[in-house]
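So the structure is just underneath, and the comments pick up after that.
By letter and in written order, the chains are A, B, C and D; residue numbering begins at 1 in each of them.
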Amino acid sequence: MKKLLSFVLAMVMILSVASFASADEIKELHTYETQSREIETWNVLMSQKAVDNNVMVNLVDGLLTNNNKGELIPAAAKEWYSEDGGATWTFKLNEGMKWVDQNGTVKADVKASDWVTAMEWVVNFSKNNGTNTSMPFQMVKGAKEYYEYTKELAAAEGEEAAKALTADGKFAEMVGVKAEDDLTLVYTATYPMSYFPTVCTYTSFYPLSPELIAEIGVDGYKAAEPATIWYTGPYIIESFTAGNEKVFKQNPEYFYANDTEGHKRFERVIIKMIESQDAAYQLFQTGELDHATLSPSNLNIISNNPSNEFYKNLVEARPTKYSYQIHFNFDKLFEDGTADENWNKAVANEAFRQLFYYGLDLTQYLRTINAINPLACVNYAYSANNVAGKSDGTDYAAMVVAAQGLSYASDTYMRYDADKAAALKAQAKEELTAAGVTFPVSIDYYIAGGDQTQLDRANALKQTISDYFGDDFAVLNINTYVSSIAKEVAALHKASIYINGWGADFGDPINFLSQETYGEDSAYYTVTYSFANNATDENLIAVYKEFTDLTNAAHAITDDDDARYDAFAKAEAYFLEHALCVPIYYDVQWELTCINDYTRVYSPYGSQTYRYVNWETNDQIYTSEDYAAFAAAQ
Amino acid sequence: MSKQNKIKSVQELEQPVVDLSIDYNTVDQEPKKERPRGREYPQSRSRMPEKQLFEFAEYKASDAERTGYSNYSYWKSVWQNFLRNKPAVIMSVVFILLFIFTFVSPLISKYTVESIRIDYDRMFTSPNSEFWFGTDNMGRDYWCQVWFATRTSILLAVLVAVGEIILGTVIGLLWGYVRKLDRFFTELYNFVNNVPTIIYMTLIALMVGKSFLIMALAMIFFNWLATARNVRNLVLMYRDREYNLASRCLGTSVGSILARNILPYLISVIILRLALAIPGTIAYETTLTYLGLMDVSRPSLGILLRNARSFFLDYPYLLVFPAGIVSIITITFYLVGNAFSDACDPRNHV
Amino acid sequence: MSEAMKQTVDFDARARQVLSQVPLLSARDVEVTFSLRGNKLTAIRRASLDLYEGETLAIVGESGSGKSVFTKCFVGMLDKNGSITHGSIQYDGQELTQLSEKEWLKIRGKKIAMVTQDPMTSLNPLKTVGYQIQEAVELHQGLRGRAAKEETLRILEAVGISDAARRYKQYPHEFSGGMRQRVVIAIAVACRPQILICDEPTTALDVTIQAQILDLIRRLQKEQNMTIIYITHDLGVVANVADRVAVMYAGQVIEIGMANEIFFDPWHPYTWALLSALPQLGVKGEKLPAIDGTPPNLFNKIQGDAFAPRNKHALNIDFLEEPPMYEVTATHQVKAWLRDPRAPKVDQPQSIARLAESKTETGTDPNAYHPHLDPNRETLIQVKNMQVTFGTGRKKFVAVDDVNFEIYKGETFALVGESGSGKTTIGRALVRINPITGGEVYLNGQKINGKISKEQDLKVIRSCQMIFQDPMASLNERAKVDYIVSEGLINHHLYKNEAEREEKVQKALEEVGLLPEFSSRFPHEFSGGQRQRIGIARALIMEPQFIVADEPISALDVSIRAQVLNLLNDLKKKRGLTYMFIAHDLSVVRFISDRIAVIHKGRIVELAEAEELFFHPLHPYTRALLSAVPNPNPYVERSKQLMVYDPDVHDYSVDKPIWNEILPDHFVYGNERELDGYRKELGL
Amino acid sequence: MAKYLLKRLLQSVVTILLIVSVVFLLMRLMPTDYYFSEDELMKLTEDQKQSRLEAEGLLDPPLVQLGNFLVRLSRFDLGTSRRIQTNKPVVDVIGSRFGVSMRIGLTALGIALVIGVVLGVLQARFKGHAIDHVGTGYTVFINAVPTLVSYSLVLIFGARVLGLPSLYSVRKVQQSSILPIACLTLTSIAGYMLWTRRYMVDELNKDYIRLAKLKGLNDRQVMFRHVLKNAFVPLAQYLPYSVLMTVGGSLLVEKFFSVPGMGPLLTDAISRYDTNVVQGCVLLYATLGVVGVLLGDLLMVLVDPRISLSGKGEVR
């Protein structure tokens, strides 16, 4: 199998000059989401969910967007700069952008003040209810203070008073965002930061026309709908049926409407809601979809059978922005609410944790993610790739990998070290036995009950643990939750380990590392999954504290990005070496597609991935060869 | 012509059948000792002179009372009638063998659920001498999974079915018999019945958990309705029968009346309900599994079916085995239930 | 019997008429078998019958005798599992046994129609009465639209339904049982058949209604010149309607003859037994001649005469060979060896003679006043102003209202009324199955209704027991006789040990004439009469003083009723029991009871000593009831004057009625004006 | 009659309120974290969450919340959706989906009813003949095969062989409704067949059928004049209930074909903890159920002259 594939790849390399079949591009793109991922709000400022953003970024243009290489490119802003080392950032807007309604009627001009209005909305407690505030709080001066102010105002004088606030007055005084003129927007950052522009791809930095609020009111915008919102982006919603489909049509007033080469758009984009990933494959077969990401089972069916009609069309997708890790729960409770001392003692032991690191060859598990090419999705770093890079072009994540002495070039699962594993196991066993831990240690793991793919993966993990740790040492128990792991499992401290994925919202390692620090409320994983703050083991606390100090020290470096990244890499390597968390995979899946993924927006952070602009498509299904060529050309 | 006519005439004609199963006039009589009667008369006319033929025979009134002798037993007749229904008998034998086999299979199969391994090199192996039911999408032996799943599902189904029938019967009995409780149970019935149970199941799964036992209890708790209503309507039918009035007249307690006077009459319905509840539960389990409301750590038929849905076009055997077993179970209980409830009907006892 | 009476019907003339005719329908050696789950049941065993134009032929027999099945062959309505396996039925030049379903459509309804037994279920509940009749009119009289409707209305009126135009549009449920039976008859009549088969048309009806329906059928027969086959088990009805009578037993016609021949000169021992067992012919205080045992099992091959085992006059040959038909007269045949010249001579039983003499009364002076005989009587039960209501609010229904009576120790107190009159409700109220909503009940002077102490409760349970109407329904079929009989004992632990309990059960069974070994069996194994005796044993084991017997014989076959009546009388004597005997049939009541209370619509309208009531009925309802009592003497029965009770005769608007003791021990319900009238009648 | 109706209606309202209240209180048993999406949990601070809950009155004692809810309900205000379609009035959220479910459900029901009843009648008419056996075989098959499997078969057959769209689409409503309707129809036909046959056979055994035959009516006349309507009566009582429950949507079918209907809404709302939508759905279902029973009783009054409205209003 593998040989065959490498042979194919080799052939492709040799024949890379091979011309593509001269087929037509797709005019109407049929794509999909699974039913659980239906859009929840049409208010671009209110949402912080990928499912919403994937839609909204096509309807409203933020200041900046990404291209297919992950670089920042202009959207609403044609240029951007900081003249003071990142403390304030100025954005120059395109001239002549229009707000239109669903019918394409021009409603207003796009002005710099729209971003100010939007920021006021986001950080006004009574308008946005506190959602989407985390990045403004972190990055925009005065945002948090203004939020507190509105909250108090609402409490003291009622919601309406707070809702009545506008971008003038108190907001202008307090918050660091200003429209110098109609086309110039200036942000004042909380501290000097070079990565401020990356955050401008994110929806909390999107615009809102005050005239829209004037038209539909605060509550009207809260309950925004395709028919009520205004558009500046490449598409307008033509029709929307919740739970069924969304149809995008071109926005005739789109700023780049006439630039059909540089800003190529589909005539229509139809997003179908489908029952499951497996259904996508069926629908692709019947021609009802233009691409289908293959669940491992679908993939196996095709790859297992060379006579399958799609055998030659299997292509590997580009990795998503998410990095997946195993998180340990340091304060595990049983179902009945009592502490699971056995696990808590075991996981506090570094040797035990490191066993997950050095003691597991996860190739088998990775096959459940990428059945053909499991090592393509190996992840040795906590941070995702391409989030940030040194001035010499070195990627930050690669620095972390290198710092551990690992490399993705290997054709084996490199982190696994049999000798070290044996030693660690002996050490863990001895130390834990002394601490009164009984073996085998049970590891409670939770998956979504309705998800067959997760079940298969969990079984693979269970088997891997059984193979490498031995059933006498540790046993993985598979449990299920109904819909929300955070609420049903994590909030109750029920699982021993979690496999979570984190994708960056902006281009700096702090976005990853700050989720893991000790003793800080904003550290999402620490507070909601690992409960490291509740740990009692002194060694563990010491390690955590050290890591936190290293992270904060790195974050304090604001004048030299290279030094900053070096320091972060050091902190992250420390974090990983002490196995506070175990990176496990990147999402690299296989698909059948008529879309050239390499032309799609590639955003290692933020939410621009699903902007349907400049996508190259073909009404013939791409073959593995085509894709190999695309990858090579990249 | 119609069945009821038949029944009516059967009843009419049948009555003496029960009354008098040994008859003086039967030709194919057993030896005398079997027939407790007082007088003797010659077996053959040729032995008797004509004169004697026209003499009065001796008459004993007390003999008439003995005519009631019968080896009829209700349950024996039920059983015999049931045995007469060949398809039901065959299917129940098949089912019993199947169920026994779920316990035996780990002993004879090459793999067990505990020992099967993921092995991508042998995924989707068609049934062969090594893997009797082939392997699944992860290269695991399907044979042992199917049998394990069958056992799990049957156990769940039996547990839930028995539980729901017991609960439904108890509620139905009280609901029908105790007039004061009628309002309460009617409201409870409306309460549970008028909202899709899936809501309650989801809420329970969210709030309490979804271990085998919890889900089994939840299913029991929300599935008793049909049985209870059925039982209740029957109780209303029997409640004011004279034999119950007789018991009340004798001061029999409500509990005894329900247990001894009414419950035995409901057996056929209860068995029928039970028989239908078992495949019903398996089907329900499939749905719940699909919705992610069941424990999935061990194979059950619901999980296998859910999984097979993605492959069955290319690898039909993955669907055929579990679906076949579900069908066997369903058809068995369908037949057995009907056969048994027919057999319980005394009108069918000849 | 007076000559005047005899002239009410001239059987001889009818006999001559029969002899001069060719049969209209002739069934010869008909054998019908049913197959039931592999078993073969021979329901009709080569029965033969001729039917002559214009006559009324009654077929009498117990349930299971095959009378219904036999006549179903005449309309081609045998159940699917049954078939005519032998014999022929000739009608109108056609061989009915060979007809196809299509050919039957030309005969069924059109030529031979049938009135079915149960009017409550025989009409389609969702179609108007008019529609259902008109359907037959259109089908068989060829009328359409208006004409059909007019004919329908005419028929409705003809069957005695007043206000036909309104009734036409009504649904069956708006009709009472009697009215429905009229509609069923109307449907049959609308077919204008030549032959009308009436399959127990009045069995489900009250006596007064029964009499009316019989009148109606007779009238219609005359008007439409129909030939009628009348199936019944009630000899009173036979006496009323029949020109000729065929007696069926075990699937055979065992005796057939003109009605007077069958009633006054029967020759089959079974016919004798049937007639002798009639309570009307019994002598008060004496045992009724009962038929022991039960009819034979038709699944088995029957050897000899089917009745032989129960026959007190059986000859040896009866057990071996089936008797041939002997001719008694040209119109009277009997299938009994007794008619063989070689057979010994036997006299007909006494009661037959009594019937012939029409001595159906006990011979007391009709003009005398009959007070209760015992001056030292003690009151056992006292009922004061009893009221029983069912339901609440708008659904409230008063079943029993302001009822007063006393029952004396050792007597049989009868409560007579039509269905729905509240008689059973009173009975059940006395044993506290139905709670009473007003008034008081005393047992031995102690109040027993409402809340009473536990010991008192037990005492009442032990003292007051009940025997139920339907022996098929009153025993728990899933329990052994042992449990059924000792249920009361078990409830209250009225025994020291298991042995004692068993002993008590055995004793109780023996007492009611059952064998002790029966205790380990289930109720199915017993006949109706035996089951009723088990029910009696169940009551007896509590050693009660007082038993409410709720129509204990009305669901039993004629031949078995006598057994139970005899038993009840025996027990009364032996144990000094007191009965409240609930019945709708005055003839039985007269035989068994000391005092009779007549109840109508929840009120007792008259209460008197039995003979007193029969000879001096005062209340118009009592009179109507008495007038409708069937008499097994055809002459008497046909000459009786039917009285119809119309509640509107009472004008209670001003003068309120009261419960008045008009003579010592003779109570009647009426207002002052009526009471005055009654007194005048009594000559007071 | 009016009084009786009024009484039944009042009883129904009480039942509905009871159901809604209990579900309302059950939902409040959950931790308040459930009100937030995963992303919100990730990005909102504890303080932000609390103030938001407080602002929305979700920290009040459950009974107070219930009171407020009932007061709002009396103004037909069900509140707005929290997650399903954020801040959209629940009435609108449910309304649009209900329409879709209703159309599909009613169509399927109509087809199933016609085919099922006709086949059931034929089965009863030719009891014991081939058609009866085939029909019984079909009902057994439908019951024996798990719905998940039979739906998959319909989907595959419809999409692959017939080339029908396998997803519901608002732009091709008729074409894309075929498969979901087929799924619903194929399974419910079995039910209607079974019951029709059974009721027909029951009716055929009634005494009045014997009388009708004795009148001289032939089999066909007996069947059409006397059996059909009577056999329909027991069916009639459950018809409105099943109609109303059908318009409530089928969870599996709607999920399968992405029909934007009521079926998946409820489970979705529960798992996303959109309490207002859950309450709205429960209210709707309870109303449909209770009204279905009521209508069933009323329909009985229409088709069966024996039953008058003064009868008792209890489950039968």
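The working rule: a contact is a pair of C-beta atoms (placed from the backbone, for glycine too) under 8 Å apart; a residue touches a chain by one contact, two chains touch by 3 or more.
Source: prediction; values computed, not measured.
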| item | value |
| --- | --- |
| More contacts between chains, C-D or A-D | A-D |
| Whole-Å gap separating chain B and chain C, where each centre is the average of the chain's CA atoms | 42 |
| Rounded Å distance, chain C centre to chain D centre (Cα mean) | 52 |
| Separation of mean Cα positions, chain C and chain A [Å, integer] | 90 |
| Shared-contact residues (touching 2 or more other chains) in chain C | 77 |
| Interface hub residues of chain A, defined as touching at least two other chains | 482-483 |
| For chain D, residues contacting two or more additional chains | 156, 206-207, 210, 271 |
| Every chain pair meeting the contact rule | A-B, A-D, B-C, B-D, C-D |
| Residue ranges of chain C in contact with chain D within the complex | 75, 77, 101, 105, 108-110, 113-114, 116, 118, 121-127, 135-136, 139-140, 171, 173, 184, 187-188, 191, 394-395 |
| Footprint of chain C on chain D - complex, ascending | 206-208, 210-219, 225-226, 229-230, 233, 303-306, 310, 312 |
| In the complex, chain A residues that touch chain D | 35-36, 38, 40-41, 43, 46, 48-50, 125-126, 129-134, 151, 154, 159, 219, 222-225, 239, 241-245, 247, 272-275, 279, 282-283, 285-286, 288, 482-487, 491, 521-522, 524, 528 |
| Residue ranges of chain A touching chain B (in the complex, touch as defined) | 278, 295-298, 300-301, 304-305, 308, 335, 364, 367-368, 371, 447-452, 455-456, 459-460, 463, 477-480, 482-483, 488 |
| Footprint of chain B on chain C - complex, ascending | 34, 36-39, 41, 43, 63-64, 68-69, 77-82, 292-304, 306, 308-321, 337, 340, 342-344, 428, 431-433, 457-458, 461, 464-466, 468-470, 473-479, 483, 487-488, 491-492, 513-515, 518, 521-522, 524-528, 530, 535, 538, 542 |
